[in-house]
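Quick one: the structure is below, and I'll ask about it shortly.
A, B, C and D label the chains in the order they appear, each numbered from 1.
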């Protein structure tokens, strides 16, 4: 069955998981909701804020459960960070520092894939990578009040690929086409709670493959995380005796850590796919208990609002308020 | 079906995978071989060298394929290390430095589980952890000629557990029982090719969860690996320009790295279970092509010979030759 | 001799080194220049851009040599970074990521020292820490065209200290006084060469003591440096064979590295004071050869212009051009 | 004055500092002691144990103060390790793991310098590097009861240099000469307190410049140190809450850390020479107060005894008791 319109009407399906290109999210999610299905959608929720609002309205109108795949919340080390903050060990948060660095399109010969085309992807590093950072910041720090940012497309034209069955390589390039999304996106943020935030995402940082990094500094301590070492969380505790203070590298592989009890012995790490398993576990659990999953479309909407404010600020050249 | 003797006679089974406690390996493997089944056995191959020899004879007599689960060869970073050595980038090897550090039984209240009982486990850190180091050394450096070692049981008695359904905690301890295996094992090794080796394994190293570490130093460069960051390999190349030399932290997550093309994009790491998937992939592939898998019982036997020489040297107090 | 006006007239002195609080730099430097002395001044050059311009005019009018103590250029690893860029190994620069993180005033009981008073210090983290980042960015990346930033004073009042002989502790606090400088400063930058920059400095990042960090990403490779490990430079080379690429941790302690030949054997590190020794070595060498030292007042002026543009942007809420 | 015999008789000198090649230590130290001077000697104390004993007798007979330059005790991070152990934070020590790795003679063209000649140096990596490890182990863990070891000379002949004024390069090599010391030395140790030790030193480990490393594992925690990052100490505390345990990277640059109050602000690191400054500070302080410095000739003697036992074990092929 390759027609989603038929799929969403199947009576033996309760939950629709949308993992298509970004420009199909709204259409599919709305159709699924209208068919009475719970909806689980990839991030970013939508192509823009208006679309996101429509999606939220659709799931609200239908009364279905909804969820969004901000899968990095499902890394045990990130969930542990949440727990440490909830335990009051970081105190008042002063700083959020988020970076999502990759390098897969540094080569000018890399072809014009769908992720580099605005009409399919909506945006580049901004919606693909910054969206993750924003959600993690929402999860761990709180809501963002206003932002000012910049974007850059370093390589403005790339080889056009002949359609192949899934392959990325431009085997038979037919001239060049225009890159219509950002290669890099940066912005400053003012959180509602007074914290100062910096956000940066790029696909032009050689040596970084999936460097989804954040650091949080608070009055009592700090947290650091990088997805390339996703089983580790660094924690600095100002409450430690003065001569013993230092960033601790916590291996988040103990059965006392979130999600880990289901997996391997300490020090035997898990990988990327487990972030999805944990996310789906949460979604399935919530739906089974008739609860709203978290994160859900409201989180997707809030993320979209920040994305949009940041994009607007690039045009206006000044701070833009985040309007959900 | 819980009786392995029936299982090995089932006509619809080609390959028997033995993951029982160490004292059942020989019996099961020999039964499987005699029933004409290919055999895939957990490490260490046997309780002792004599047993290992019987197992090798059984699979040879039966003409079946055999394999042993030295799963750490299946980590892409370890396989990349092998490739780098094969490419001649390390040169003549001077040093092997292998450490396998854990800390799960530091607490004296930790109970007397089967891994701490000689009649079931054969040995402690020695057979459980050193066995892995020996195999990796065989894989990357070569054969070992002689060894001299030491072992230690730091905590000599532990709480006895009442049998529970799989639980480790000594919920209803009935007094104390004797620990009959080593908590730690160390030895020096002379490789046949002239390299100097140090081996150390312990379950008494707080902070190390599954620190399966090796370093190799050669005339042209060095390699370092630690399983807790199993997606990374460190490589030092003396051929780099003098002012640019440094250990490179290679993220072994590129599609050009061994095994990786089947998995995630660069920087999206894999975990512990993948080492088994790759190992089984190799076993299945070899059998499907009527070839002998690698590593196999000969590797298990060779490993057992080193384990036995090291154990002997603890008793004799002097260097012992490795006799396969 | 405690009166600088007398000091600058002494005939046996050729060079005046100004290390007073920031609000005395201009007055002293201008007096020294008028007395025909070469001038070596601490950073930031001045309290504001207008003052910096006067200082430049004074040294130009007097025809004396001038230098500024951006001492981090004197770290061998930073100088090595410059060399690597000059060798073309980084290529076209896409990103500058500069952070200068400290934590010495996180405690609200920390007293109102001169560095927290605008009339003496000019600014807080901005002039003290960001100034260093700007200079390193100028040194390694190039000139900055425009910026937009934000500043924050997290703790607005602090205990007033009774004057003591050099001590920082507020032994006899007499009520509270107002903090009149920034605790943290962040800005985005557009370099003239098209690179995107992020700058952040704070004194509120627990666990960071003198985390003067930068990363540069270019079309051919990347560089990373952190002063807390000031003898190391990380370098990623896209020119390495694909399966061997990784960030190299270069120990900049080889005699082939800048400044190092005068010091210890490889791996025997140097410390903070050496950055000053190398800086002074450069100043003395230049003057002895009748050449203008580098960095000098022009670099100080350029840095001041960026500081001022960033400060202006905080007020205007929009991008501000850097006007030297 | 280039004749030490005259020097030791000068009435205006109280303390003789011996930094000559190893084969002159005994002669000079004994002469100094007999002249009534306090003696401060480089390590290793002597060419062999017999010589060391004579030196101890000479200083005892003369009643002078004596000290030995095990300068690594003077690294703040090492002294902090001592303090942490003294505070009971490591508990009963199970493991010592000491490695001193360098790579300066991997190149076969590196010439036959004095350090490679037994009659001048006494031994190679053994006396030069292992001596440091042994002293740190004595300092932090305790006395060693018995050892078994191995040594290797990987490159047996090297170019002979024509004498030049201090240069190392074999500019005018005159054929080859025999290397008469070890390139690498390894041994296992049994500490008197039951701890298991491994020691390794080599000059054939590419990528390691001055990797003077140790790790200590105890019932309550662990410590790690590497001289290449000499301002850092890693500490793992089993007393931390279970979900927060991790190796802390302590920057030993706080004024509350040993020796640091005299130096720079936090995070502004010190270098190699400071280990000597601290050592000399201790020597001078002790002598000024008419106390015996620590470490002193007894520590040198004890170190020599372990060196000798390890060397003997290489010949005997079995465990050798350490006899002071």
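Operating definition for what follows: contacts are C-beta pairs under 8 Å (C-beta built on N, C-alpha and C of every residue); 3 or more make two chains touch, one makes a residue touch a chain.
From a predicted model like this one, the values you see are computed outputs, not experimental measurements.
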| item | value |
| --- | --- |
| Co-neighbours of chain C and chain B - touch as defined | A, D |
| Furthest chain, CA centroid comparison against chain D | A |
| Chain pair showing more contacts of the two, B-D and C-D | B-D |
| Chain centre separation (chain B, chain D; CA means) in Å | 35 |
| Distance between the centres, which are taken as Cα means, of chain D and chain A, whole angstrom | 52 |
| Between chain D and chain C, distance of the C-alpha-averaged centres to the nearest whole Å | 38 |
| Multi-chain contact residues (two or more partners), chain A | 208, 245-247, 251, 254 |
| Chain D contact footprint on chain A (complex, rising order) | 80, 83-84, 233-235, 237, 240, 242-251, 254, 256-257 |
| For the chain C and chain A complex, residues of the former touching the latter | 94-95, 97, 99, 101, 103, 106, 148-150, 152, 154, 183-184, 186-188, 190, 194, 196, 198, 200, 202, 204-208, 215, 217-222, 236, 238, 245-247, 317-319 |
| Touching residues (chain side chain C, partner chain D) in the complex | 102, 104, 208-211, 227-231, 251, 253-254, 264-274 |
